[in-house]
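Structures follow.
One chain, chain A, links the two complexes that follow: it is found with chain B in the first and with chain C in the second.
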Partner chain A sequence: MTEPAEIHTRPKIVGARIKRTEDPRLLTGLGGYVDDKQVPRLLHVAFRRSDHSHARIRAIDCAAARAAPGVVAVFTADDMQSLVKPLRATSRMAGYHATPILPLASGKVRYVGEPVVGVIAESRYLAEDALELIAIDFEPLPVVVDPEEAARPGAPLLHEEAGTNVLIAREFKRGDVDAAIEAAPVRVKGRFRMRRKTAVAIEPRAYLAEHEAGRDAITLHSATQIPGIVRDALAEALDMPGHRLRVVAPDVGGGFGGKGSLYPEEIFVCAAARALARPVKWTSDRMEDLAATSQAFDEIVDAELGLDKEGRALGLRADVIGDVGAYSIYPWTAGLEPVQVVSFLPGPYRIQHYRGRVRAVATSKAPTGPYRGVGRPISTFVMERLMDMAASRIGIDPREIRARNFVRPEEFPYKTGSGIVWDRSGFSECLTAACDKLGYDDLRAKQAKARAAGRWFGIGIASYAELTGIGSRISVAPGMPINTGTETATIRIDSTGAVTASFGIASHGQGLETTLAQVVAEHLGARIEDIRIVQGDSSAVAGSTGTYASRSAVLAGGAATLAAQAVSEKVLVVASHLLEAAAGDLIAGNGRISVAGTDRSVAFREVARAVYSEMGRLPPELRDELAATKTYDPVFGTTTSATHIATLEIDPQTYEVRIGRFVVAEDCGRLINPLIVDGQVHGGVAQGIGAALYEEVVYDDQGQIHTASLVDYVVPSAAEIPPMDVVHLETESPTTLGGFRGMGEGGTIGAPAAVANAIADALSPLGIEINELPITPERLFRLIGAAQAKV
Partner chain B sequence: MKPAAFDYIVADSLEAAVAALAGAGGEAKIIAGGQSLVPMLNFRLLKPSVLVDINRIPGLAFIKESEKTIEVGALTRHHQIETSPVIAKHLPVLGCAMTHVAHLAIRNRGTIGGSLSHADPAAELPMLALLLDASLEIASASGRRTVAARDFFLAALTVDLNDGDIVTGITFPKLPAKTGWGFEEVARRSGDFALAAVAATLTLSGGAIAQARIAMTGVGPTPRRAGDAEALLTGKPLGPDLIEAVIKLVRAGVEPESDLHASADYRRHLAGALAGRAVAAAWRRAQGKTA
Partner chain C sequence: MSKPRSIKLTVNGTAYEHTVEPRLLLADFLRNTLGLTGTHVGCEHGVCGACTVLVGGDSVRACLMFAVQADGCSIETVEGLGSIAQLNPLQEAFREHHALQCGFCTPGMLMTATDMIRKYPLATDDEIREGLSGNLCRCTGYEHIVQAIRAVVARNAGKVR
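Our next item is the complex of A and B:
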């Protein structure tokens, strides 16, 4: 792994390759996850879930379950009605249909796995025993599984009150795309399909609600990415003020978006704990996780690109159907992913004429929600395939066609046809760096030899841009009325000199305890080990959302900078009094404040003691709390870009794919911790390889889910993931405070397209296009068989 | 995913285990490594009233060499077989196959007796038992019997065991001199059950194949031998045309099923391709070359 020399020479804490401070705890089993929590009198929940895709609930008989050993209570939707108000993910978008979010299915079930009855018992075992005693009388309704059929008028409706299964329809356009494409000398098009995926965090979702009867207060311990959003939603659903609700996300074992929405089970445990005045826990098992955690990446894209003879793009048009599943997820709405596909389709390229149409269609499958990359893995797959198809049509190298089409440095800020504005980011620099790292030209020469020997060897490039660190002027999800664009930090030095920095974000694997401590340490002059980062707790700051959308380093990093600077000023005032030196002559670093050019210094600890504990050491006006709360809002967002290149070889007899090298060159602005950036890229690429080659949620034509265990839902393991080379570039400092850009998702955005292009490249002697992901051995078998039959 | 309630008996001798099984009247299940059984309990696909744990029975985990055979105790863990020098020397194809069985953590627990008794249609050990003409020793309240591997596997997850039976050991004849072997597998991921796998041995005499054995898994309800291809190979030296003929025969002879991961057609295609490679590797090894 290499990085530019400047990073080695940077003296500061921000930019240092520091090992994650949370890892010793997490790696030695000393972390605390929701399911680890020991609570006296704890009750356990098991859900009876729908085994129908779409059915009316005629009657539920719970009598035998209520009488079963160890059962304390059994709830149906009717029992929940007086306890919980329905929520809806609202949107300002015209023609959008919200759907109700309830703890249990009411009246109808709309996907296999939807919770219908909640059994609460003294143990999970007894609760599951009682599930078998529940009799539900279902009246099957026509299934709604094919999104294209579901979008047609007259299709059976999932939500009658919406009057349609099309929950959102949108169109973005600029110029006259039809004319531009009709007139284009080169046209390439295709129907692209990305298959449904799910996040598969190692820790499945888990919720434990404690009710404090004396105050009628609830603490929800939740394996969530969004404790702030959940707290605010519960306040509405349970009709309680925020100070009687606290949502704590302790150590969380991965999220990837799957823990980034509000879930029925979360509302259920809170309502049940309140009704029973006992703590109530539900931990998802893997089967429930695969059936009822939000899914994603399920789109059909018909796209066409028109170019001039030199391969310069003239116009791009696309029709997108997003299969969004049964409900419009809270708070992001059903528009989240499909709308992003058309928003980001033009990618990092200059394309004057554009039209993207999208429909988000409800089907009787698990709801879709955020998943690392949101929409952009699909848009990048489509755009990068089109670029390669065009390059091969014109007869130029895939590298060259990208170089010809990138937005040029002097054109930033550049507004795309869909209205996204790119600030300056290293589009072409990343392509060059990735090719250099790979030894691109040499490899092409080797490929020619391999091809001559009958080998199927491919090289695939994918370039993309994404908007990260989004501020308050842009909705993270289209039309969503919740502000996700600000982040607040409170930093406090206590009477022992220890520093506590509190945030609204919720780290679930990103190492934010380390990176935020680096930012605080740098601006405060404190030592990393003296700083505690409090996060994942709705009570840490007044208003918060959580961690998603590549926002936390940018937004929380900015808030940390502001708050640390404010606290530092206070520290220096006190230190100047103690050291009898002008504040301007003081330098803070490594936990001490020293007078420049002398050996005189005080430790943070002494400053704190002087402020809080010692009598008469300071004049009264200097006894101000060493604390500050600051909010940061980047207002817009900032562009992160990268180029991924994969090389691979396909076994000509078994059609197994073996990835050889994987190179990523990325520009995420200033690096807080290169080690963590590497890790984020590695993990993201692994997920992208999963999307390209392995992972697929399979529903049959009756809406039954067939991937109900990890035998059938195939997640790549370490053995399937190649070593990677990651090159970091900092082309230009963005306007964000600290110069950070978000980079938590990019790995997953670029990898599927790079792998798809490499496979198409390997099989180009057979003229095979790769338009569907994951491209499994079975799909390759069929494609290759059909191509060979033609020859 | 919690199992239904069951009683749990730890047997400390074969006699105690056999008695416990006999006492439960068909309601009991043996638990060995638990790597196949426990998932089925958790899915509530099985609800035995009693589990008889055989892990603490002494003397059931061993690899014993005698003049003509290698005997392996039923409780021998996959990892022991994988790393045994005796296996590496006399049954290298078995040692190689073990590296394809699941992951190390599972191989540390899973047992050969459990794998053969469970008889997953895509498991490696049943195929190897069939390839190597092994036989199984079985104990029950009514005595002991020996069953040839070729008669043991009846259908998917179904073997020639009665309710009270315990597999105690497996006997493998050593490979004859001048024998080469090949093992080829395709799985979705490292450690997954095979989409298709083929193992072969070729024993040479003069310049030709005196005995050919080819076994396959993942391409039908039970492992099977490719009898036609074996017959075709016998008496001939291996060359490209013969390999092609083997591939064709194997493809014509299997009737795989389709599932989520592979269609019957793809499995059939794989069976042929892998058989060709396994036979070619066996031929090279039989001549003392590396495969």
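Our next item is the complex of A and C:
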């Protein structure tokens, strides 16, 4: 039980380590995830997926499958044509090519795992039995696997109508970078490679569509992060008004971006439920998830940094190729990740001259989409490696080179060479705090001893900055026809005095039911246990998108603040009448409104009764519904920054990397709930460590996926993840309402670079650079072997 | 497909008798036949541990076992641990230490932890981490889970003493 005293003393609700309201149901097996929903007359889907990377579909024979036991219907793209209109992730970016998004592959398949035929049966077992009876005549086409080859003129095309595999090409620049680098006394460069990852939420994607025949309406229960976007997309694809479409994201078992896009299977279950007038469910199995959920972090970066003799950066240039897979994902587009890489490459540093060029290249692999950190894990990896390479070239400590290059406190707001504007955030403060926490200088001394004893012990630093809580002036990927810059909250006190606060965001592990209740409780004076947070439901507010891009605490928290303040004003007007006191003398807290300095008070419940039920207690003009809807737009956004430091040792026999300590110092503004913030950092770091050491989606040169099970795609377990220390700084309140900064992704942004730098540091006696992640024992073995052969 | 077979088993102390297809997974039986949806399925190939239940007191992956193999067995699932009104000490520790985020891995984590705590001293955090290495959590980074289990172990040790 939560200590009432701790919750109820104002204004400590925001900032308190409050236990989560969602926990009791989740701990007792009473959560309600999509696949838990038991619905009468439910039908189950199994998909026959492409086993070709790139092939033309000559013919599909479904006759035997249609006749199989328990099968109710079988759909191909042709059968879907009259039911669904194709969607496209449009964008105003020049030279961008959108690709059609359809429920089933039409004409061609473009990656292994692409859904081709949907079988609907009375049970999943029977649907899967029937899959084997489908005969598809494929005509193999040249595979498009290597993104550099795919970008060349004359390469086989995945989307003929685009006329190229380069779906987007962009360039950001400032100053004369070539001259700056030519003139620089110190130059470091490299070709960096981050290998493809995938999100692996432990709950696989699942969709259940219920059709209400009486009014031709559909409710889609979806394991999604973006119910609002999915609802709007379905309205277009199915040509239905929004009030006949509702998308509900109930308890969702993690997302990390993998559930942050619209999927073909979502469209499919809705179209099928409508055609059959029966509820239809598809739950992904893990193999389908690994082959057909959006993937990410697949970039090649050629980068060069020029510095003066003291290690101050003068110019940075980079060419980036993003391997974006087969389709431009809805709604983010194929530009989402690669463009962010060049946007964020200059990092938290003062660099006058910059040029970043990027091409997003289609290949016959699963589409890429958002994954925790989006682009910034790669940009941070590259920039932080370059910083360490430069430090070692000049002969200064990695800590020192960062301190010399950070944007200084007096320089904020600072515009980077790519056009991003950093507002005041604790760049240097985070570095100092992380070093202090770790005992940096002592560790360097310890390292010298370890090195003298021949051990491979390393320390790696990574500093970065990110934009979070982005408002309407800056969107997550430019030119998209969706609004990612605002959030809306409706707060209503009903006739029993209970508070319902409704949002468009969709919590999938972040504990937003708790943190938003904290914000509402604080501004309304209600008790947390009297507040219900409605989220993850497209019908909760008129328009919304969902939860992604570290935005929900900032945007929904801001909307909650505004709406709670507006409702509070109404409550106080009524209470002032009931208590015969001036509104200015009233204090709301702990579910009551009291007259300051007296023992006179009235409960929310009595206020609500006076307004709604008890005729005659209030003059008619005061009987105004105790409700308000407010939308918050931070307009720009806010800068979150952090420094991560990892220490590790490499086993000279097995090349296993053991991380000893991991310290994060971050400036995420005012904390709503420190317990939840720590949890977000820990989880993010674990994924970053996975990206650095273990996780890789492997396609062979025929475009076949070799990591279609969790045996082959290695997600780190408790045995691989080290204990972590997290230090929170709050340098200066940012301009966002409430002073919050977003922090859901940061852990994944800093950790890969910190681990890469620590490994390079451990192996510096051998002169090994770490330019490719994940750095598996096999890659280490090769690198070390090659270096030792040279010696 | 071979013929359905009749099985008898107890789940969380309640006796059940059902006729099932031999290929029905224990996980599907618990979730769909009995409606005990607290046991989750995260991979269906024995890696993630989300489906962990106790069969005869030992942790087992319900996605790797057929319902017919559980004939005559006594099974414990997350629903048998504690209730919303009265969480058991392990569940309470998970809440206290924020050892769950999305909650999807949580039932499996709780069952594995229950098994570990009953059987092993868990003297060090490394032992706890080793014991949890068959259960994947993508949200928490494990730190708070280890802390929660450590707290229960410490509490039990206090009681014994």
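We take it that the second predicted complex is superposed on the first by the 780 of 791 C-alpha atoms of A that agree within 3 Å, B and C clash if a C-alpha of one lies under 4 Å from a C-alpha of the other, contacts with A are read in each partner's own complex, and residues count from 1 in each chain.
The rule is simple: a contact is a pair of C-beta atoms (placed from the backbone, for glycine too) under 8 Å apart; a residue touches a chain by one contact, two chains touch by 3 or more.
These numbers were taken from a predicted model, which means no experiment stands behind them.
By the touch criterion defined above, A:L30 lies against chain C but remains apart from chain B after alignment on the C-alpha atoms of chain A. Using the contact criterion defined above for the overlaid structures, shared-chain residue A:T496 touches neither chain B nor chain C, since it reaches no partner. When both complexes are overlaid on chain A, the residue A:Y125 reaches chain B and chain C alike. Of the two partner chains, chain B is the only one that A:E778 touches; chain C does not reach it. By the touch criterion defined above, A:R286 lies against chain B and chain C together after alignment on the C-alpha atoms of chain A. In the superposed pair of complexes, A:T654 makes contact with chain B only, with no contact to chain C.
In the superposition on chain A, A:S472 contacts neither chain B nor chain C. Between chain B and chain C, C contacts the larger number of chain A residues.
Using the contact criterion defined above for the overlaid structures, shared-chain residue A:Q687 touches chain C, although it does not reach chain B.
In the superposed model, A:S717 makes contact with both chain B and chain C. Comparing the two interfaces of chain A, the one with chain B and the one with chain C have residues 125, 285-286, 709, 711, 717, 719 in common. Residues 21, 23-24, 31-32, 35-45, 47-48, 50, 77-79, 81-84, 87, 91, 94-96, 98, 100-107, 110, 125, 128-130, 132-146 of chain C are the ones touching chain A in the complex. The part of chain A that touches chain B in the complex is made up of residues 124-125, 128-129, 285-287, 653-654, 656, 694, 698, 706-707, 709, 711-712, 714, 716-717, 719-720, 776-778, 781-782. Chain contact summary for the complex, chain A toward chain C: residues 19-20, 22-31, 33, 35-36, 38, 125, 199-204, 251-254, 256, 285-286, 508-511, 675-676, 678-679, 681-687, 709-711, 715, 717-719, 721, 723-724, 747. Every residue of chain B that touches chain A in the complex is listed here, in rising order: 1-5, 39, 43, 186, 188-193, 195, 260-263, 265-266, 269-270, 273-274, 276-277.
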